[in-house]
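Please read through the structure below; I'll follow up with questions.
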Amino acid sequence: MDYDIKDRGLADKGQLRIEWASKSMPVLNSIKERFSQDRPLSGLRISACLHITTETALLAQTLKAGGASVVLCASNPLSTQDDVAASLVANDEIPVFSIKGEDTDTYYSHILSALKKMPNLTMDDGADLVSSLHFIALDKWDEVSPAIRKWGLSLAKEHRDTLITNVMGGTEETTTGVIRLRSMEKDQVLQFPVISVNDANTKHLFDNRYGTGQSTVDGILRATNRLLAGSSFVISGYGWCGRGVATRAKGHGAKVIICEVDPLKALEAVMDGFDVMPMAQAAKIGDIFCTLTGNKNAIRKEHFLDMKDGAIISNSGHFNVELDLPGLEQASTSNRKMREFVEEYTLPNGHRVYLLGEGRLINLAAAEGHPSSVMDMSFANQALSMEYLSKEHKNLDNKVYPVPVPIDQEIARLKLASMGVEIDTLTPEQEKYLSSWEMGT
Amino acid sequence: MDYDIKDRGLADKGQLRIEWASKSMPVLNSIKERFSQDRPLSGLRISACLHITTETALLAQTLKAGGASVVLCASNPLSTQDDVAASLVANDEIPVFSIKGEDTDTYYSHILSALKKMPNLTMDDGADLVSSLHFIALDKWDEVSPAIRKWGLSLAKEHRDTLITNVMGGTEETTTGVIRLRSMEKDQVLQFPVISVNDANTKHLFDNRYGTGQSTVDGILRATNRLLAGSSFVISGYGWCGRGVATRAKGHGAKVIICEVDPLKALEAVMDGFDVMPMAQAAKIGDIFCTLTGNKNAIRKEHFLDMKDGAIISNSGHFNVELDLPGLEQASTSNRKMREFVEEYTLPNGHRVYLLGEGRLINLAAAEGHPSSVMDMSFANQALSMEYLSKEHKNLDNKVYPVPVPIDQEIARLKLASMGVEIDTLTPEQEKYLSSWEMGT
Amino acid sequence: MDYDIKDRGLADKGQLRIEWASKSMPVLNSIKERFSQDRPLSGLRISACLHITTETALLAQTLKAGGASVVLCASNPLSTQDDVAASLVANDEIPVFSIKGEDTDTYYSHILSALKKMPNLTMDDGADLVSSLHFIALDKWDEVSPAIRKWGLSLAKEHRDTLITNVMGGTEETTTGVIRLRSMEKDQVLQFPVISVNDANTKHLFDNRYGTGQSTVDGILRATNRLLAGSSFVISGYGWCGRGVATRAKGHGAKVIICEVDPLKALEAVMDGFDVMPMAQAAKIGDIFCTLTGNKNAIRKEHFLDMKDGAIISNSGHFNVELDLPGLEQASTSNRKMREFVEEYTLPNGHRVYLLGEGRLINLAAAEGHPSSVMDMSFANQALSMEYLSKEHKNLDNKVYPVPVPIDQEIARLKLASMGVEIDTLTPEQEKYLSSWEMGT
Amino acid sequence: MDYDIKDRGLADKGQLRIEWASKSMPVLNSIKERFSQDRPLSGLRISACLHITTETALLAQTLKAGGASVVLCASNPLSTQDDVAASLVANDEIPVFSIKGEDTDTYYSHILSALKKMPNLTMDDGADLVSSLHFIALDKWDEVSPAIRKWGLSLAKEHRDTLITNVMGGTEETTTGVIRLRSMEKDQVLQFPVISVNDANTKHLFDNRYGTGQSTVDGILRATNRLLAGSSFVISGYGWCGRGVATRAKGHGAKVIICEVDPLKALEAVMDGFDVMPMAQAAKIGDIFCTLTGNKNAIRKEHFLDMKDGAIISNSGHFNVELDLPGLEQASTSNRKMREFVEEYTLPNGHRVYLLGEGRLINLAAAEGHPSSVMDMSFANQALSMEYLSKEHKNLDNKVYPVPVPIDQEIARLKLASMGVEIDTLTPEQEKYLSSWEMGT
């Protein structure tokens, strides 16, 4: 078996950690169990370009249990857990191509290794795998890395065509990837159907509110050990993520202040009992700031200059562009590392501002990202979407599709069952009433 | 001026109450002020079939201030506030045709009075006015009341056609009405565009969560004076209304139990920290029950029979069908009125169950319905939709339209301004980033 | 049987209401049941000067069930529920001397009727009965009403002595009364032991937080029907009552602002996530104000003048002195009644301030006071303290005593049992550990 | 300067960490500033036996700034932060005798070093220093370590007497220490006054609720990375600590279950909206357990055997005796380490139970203990009590005293000021009203 990982000797450590995650992933485990009996993916090759983490390991095991031949490469050069990669190779005989901290060339050579698998199904977290596939098939050689170009050009045209006609369909985990794919769909270059796992209710409603909510506060506490009770906690952005963090910060006794640009969301924040004000005002009174806007420069130089001495700033939104770090750098007279994940910037007025985790997602930088039980549902959507694509791909167009509602519902049902929670079912009489009602009598 | 109300002598009392409501309706007041300068409805006739309440009075004043000639009739024979009707007639010279407790014939004769106005714009709360208009125009004489039929048939065909071609468009306040109208649209019988006010975010997000949430608990407390702290409060239905009530009940220290049929909503309830179980289990442990399902028989005979002695049951959902009242009647050996809004039913096992407000919406039966500040936004949508229809009707098809997003946003903005809340605005750089992002680079 | 009530014909209505209250008073009911078997008060005469309400009715029934001969008079000329008085007389054969709205002379003549009973045990709510008894016994004729003086002087000295030596002890419900009694104890004039029911944990911890908390918000909603979500709710005083109201207002989505004079309580409020500021600042931003300070003039003329147009002011603390009403009167240019329990005051700057319930306790003025299930515990303390005094009076000095801890604990235990809640008990090993620990090894 | 620390080279790292803590300790910093001007401890020798942490470092700096000559030794062999010790020695010239992980002999030899200082004032965290002093003075040689005995016996009797007569007084930080001291007071062996810092409101009300509340949840999250939302979180003990954790767990969306032995606290838990049940029931449904009882064996073998597969158990109360670890050991068929701070125990039925941090205080084991801003108030009490003792010791008996109320209030006032929070002050009129009221007119 071919693979490229850091150190196979880390396998035992990795396995323990996969086990720990697996204990909070009952939905995916129940799918794995069914898959190992039904073998719905029997004979299919799956190339998955994902963060190589404990939860991904269980997903890969599930696909393999379903009969698929799986290969994994990293979707980000920094997120690989090398011990998990080792365990997948050593204990599960699943080839992995991924080393934490790999350079860009290596990163793309690993994607290449996944492409060479000639997949029937793809999984993406950012659309790097799918776009590479398309660039090869569409002769867009300028768009790909040298290694992929070299390999692609080495293939006969016919072979390159096969590469993409082989693919029944794929899934995409992230908003970013989905945007790229929709753009491809719009330009009519997309060559197979892709399911947007990101849009499943059992993903985004839970990831964002409960996952980001808890793990962001967790990350801030690990980085700072500050008391939240009584502090002024400024949250920029009142989308699902911002609401999640607001709820948790309030639950810790903080006075939460919301900054928003959308009047409707701002009004909801007011009605939910939060203070709402522009960042220009909030900057002066906040003790802790966190951005979750999906936009850039939510906190800017002029805001940093107005902050109290000791203010703490962090980001848990999109990218590290939410904080205007160049502006902070420029405004400050000196900076130094105070403790792990905490960098002190001194401003001309003598005030010091503390940047957490270099402005990267604080729940990943200083804590452990989403708890496994949240990823359980995201990855259950992945697994069931693979099964769905393998069965239904002939009835699908080359479009971006949402996760089918029955899959979404089934996952919620399995999650409830795993928690021992029973719910009501409609009586025939109620079903009739509801449908007559909805049809308008 | 022609009108039909209970007692013009009630005008002073009505005016005071309209004033009190008006103080919590800053958005509609600001629209009224602008209307009185811009006169956007100048020369237009508006027939409005709405609940005749203090808030409706302010809406009617607003439309009149905008230059319209307004006539009001009731959308429900029981909801008319006679003092408000009197004040509108006596103080605002707005003709009203509505008497609380009027019989069905009178109810329709009042709608007829509104029709005779030959409106350019209509407002509905249940689509009774619009459907009557259509029945006349479409010669569907079986569907209308005798009075309307008689009048309709007395008109020349040409006149009847004018009746409906006169109408630029209408608005509809309720879900029920919208369902009827969509059905008409589907059957291609709808003769003018209608805006579904119900779907505006500034209506349903606020009405349901904050309005129903507070007023339902308010109604239950007024009816019972029971302590909620430490009680088991069972809520059937975890939609927006159910969430609103759950939040308020929890805020009173109750242990909240959620019953749901939708696994996704049930899972959200679990993650929000609530107990979730089937009604069959909840029936045995609840102290207070409230249905908000939009379905019938959410609590049934078999559940009543399992309840603890002293259990309290109420509905704040749809209609009084959410509780299986015939089943309760049938199951009980005797019943008597305990106090206002509280009826005691004794079951064969000796347990007593207390029905609040005859199973009708408890926030209307025992309290005062939505606070005015919630209606402020609903009716601001009404007023601005009238203005929009008057300007844009020629560009609209004979369809049901949502409230235009800019109107929705404007209302949120006005509400925030009325509360003295300022929010952020996107910088040009952010706008660019966002749009480039959404377009997918 | 001698009595003085408004209308015996109201008995049926009263009985229904007593029944309704009784359903939320399981602890007192269980004591009543035991009393009716054990008859611990057999042969004793009890004179009780209390608010004549549904809950008091159940207390009187309980004492009678215990074998006592009970007479009731009002502790406040305004709080009597005439239908309850009628039911006690007609259905329970318990003499009551109390008419709602009685004048001062009648009020004292009713106390006199209770005195004439020559009680063995007394119950007070403000110490009027006990102090009258002492004034007679101590020849302090200037301190009592003419009727009592006349009767007292008509008694032989020896008889007057008997009047007080007859008394084994008494109970007192309120802080006010306890302060008077402690003062008497300090001056060594107290002639029998009195138990301060007010200090029982099962009274003040529950009354103040849960009772006042819920009923205050209830009163404000009934008076105003305003939406609390998103409003600024200013609470003056962060004692148990203030905390109760703060919790409930927050639970309704309000932004709660606390005003305090005690830095420790203020700091707790901050740590609990509330905004804390002086009234001078809060006055400018509050939508709704409520005082619960136990002090006078918590909101003063200078504050009223700074309030926003439409501000609502209320009191749920001590007396109506918490709001500086003379100052409000003086500052305003006019006033008028807006709706029941709402009075509008117009200030020189045109702003209007709305006073609720004339500044009296808003939970009593506009709602129904504490829910019965809270009074259940207060009055269980009363009943068990009567039993305790009857047994232990010989071992007690002429002092004010707290409710014995075992009674307090027993009431909590009974309340839990009535709710079906079981709790842990210490294992022998744990008891030993705990006691060794507390003794310091 | 004599000292005994691990590595002076760690001073820089220590200083950075002291700086970080100091930023959340504004109250102690303001006292330090005043002390450096007033020099109230000028010429006094202070021996402090405390946990050698960043916060203690600031306390030592404060005392030195006040003019005292300070020496520090550890109050626990495991809690020393060696870098902090190094910084105190290298940067502050404060002698420290303390090395993390020191054996018992070294531990007591370090206490001896503090004794040799011949202190005028003592500070204790468990009473080890004060008791050693007394044992020497009282010739109780069996009670002390060999090193101390040897030194003590080497002193002339007169010298030994001086050792204790030198001491003006001391302070004690913990409940445990206070219990020992009260026992000494009772036995009339206490030779100087001791102030119980533990009883200050600004200590225990904040430490327990806000400090333990946040840091316990923090520790559990760091150890497990589990999602709390939707989980059943069982808390044994509803004292201040338990309430703190309950509030934070609820704030994370957990369903909180309380186990209690005290009916009053149990009833409060019910009224606060929590589920209350015996551990025997809770054991079967909990996902996460945490003990905060101050007692032993709050969770026992029989409970472990009933737990769900995957249950997590932890302690944040007193000592590691709250969980019956020998019982767990005995009941399980195997155990292994799953990840840092997580040990898996497999039970005969195959269920696995996860013990966090070996049952030691989880907020110290897996997180960083109380945030500095909480310790700020505890140590401000220490500093001001030292000043108080230096001035008032002649007026004090050899007893355990509470922190004087004015100090407690002053600390709350300083904390509020440091947060920029202003509060009301009583008007002369209000002061008069209040005092007349309290005196009972």
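By letter and in written order, the chains are A, B, C and D; residue numbering begins at 1 in each of them.
Note that contacts are C-beta pairs under 8 Å (C-beta built on N, C-alpha and C of every residue); 3 or more make two chains touch, one makes a residue touch a chain.
Since the structure is predicted, the reported quantities are computational estimates derived from the model, not experimental observations.
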item	value
Chain separated most widely from chain D, comparing mean CA positions	B
Between C-D and B-D, the pair joined by more C-beta contacts	C-D
Chain centre separation in whole Å, for chain D relative to chain C (CA means)	40
Approximate Å spacing (C-alpha centroids) for the pair chain B, chain D	57
Two or more partner chains touched - positions in chain D	210, 229-230, 250, 253, 267, 270-271, 419
Chain A residues within the chain D interface of the complex	16-17, 19-20, 23-24, 210-211, 213-214, 218, 221-222, 225-230, 247-248, 250-253, 310, 338-339, 342, 367-368, 371-374, 419
Residue ranges of chain D touching chain C (in the complex, touch as defined)	179-180, 182-183, 201-202, 205-206, 209-210, 259-264, 266-268, 270-271, 276-279, 281, 294-297, 321, 408-409, 412-413, 415-416, 419, 421-427, 429-430, 433-434, 437-441
Chain C partner contacts - residues on chain A that touch it in the complex	229-230, 250, 253-255, 267, 270-275
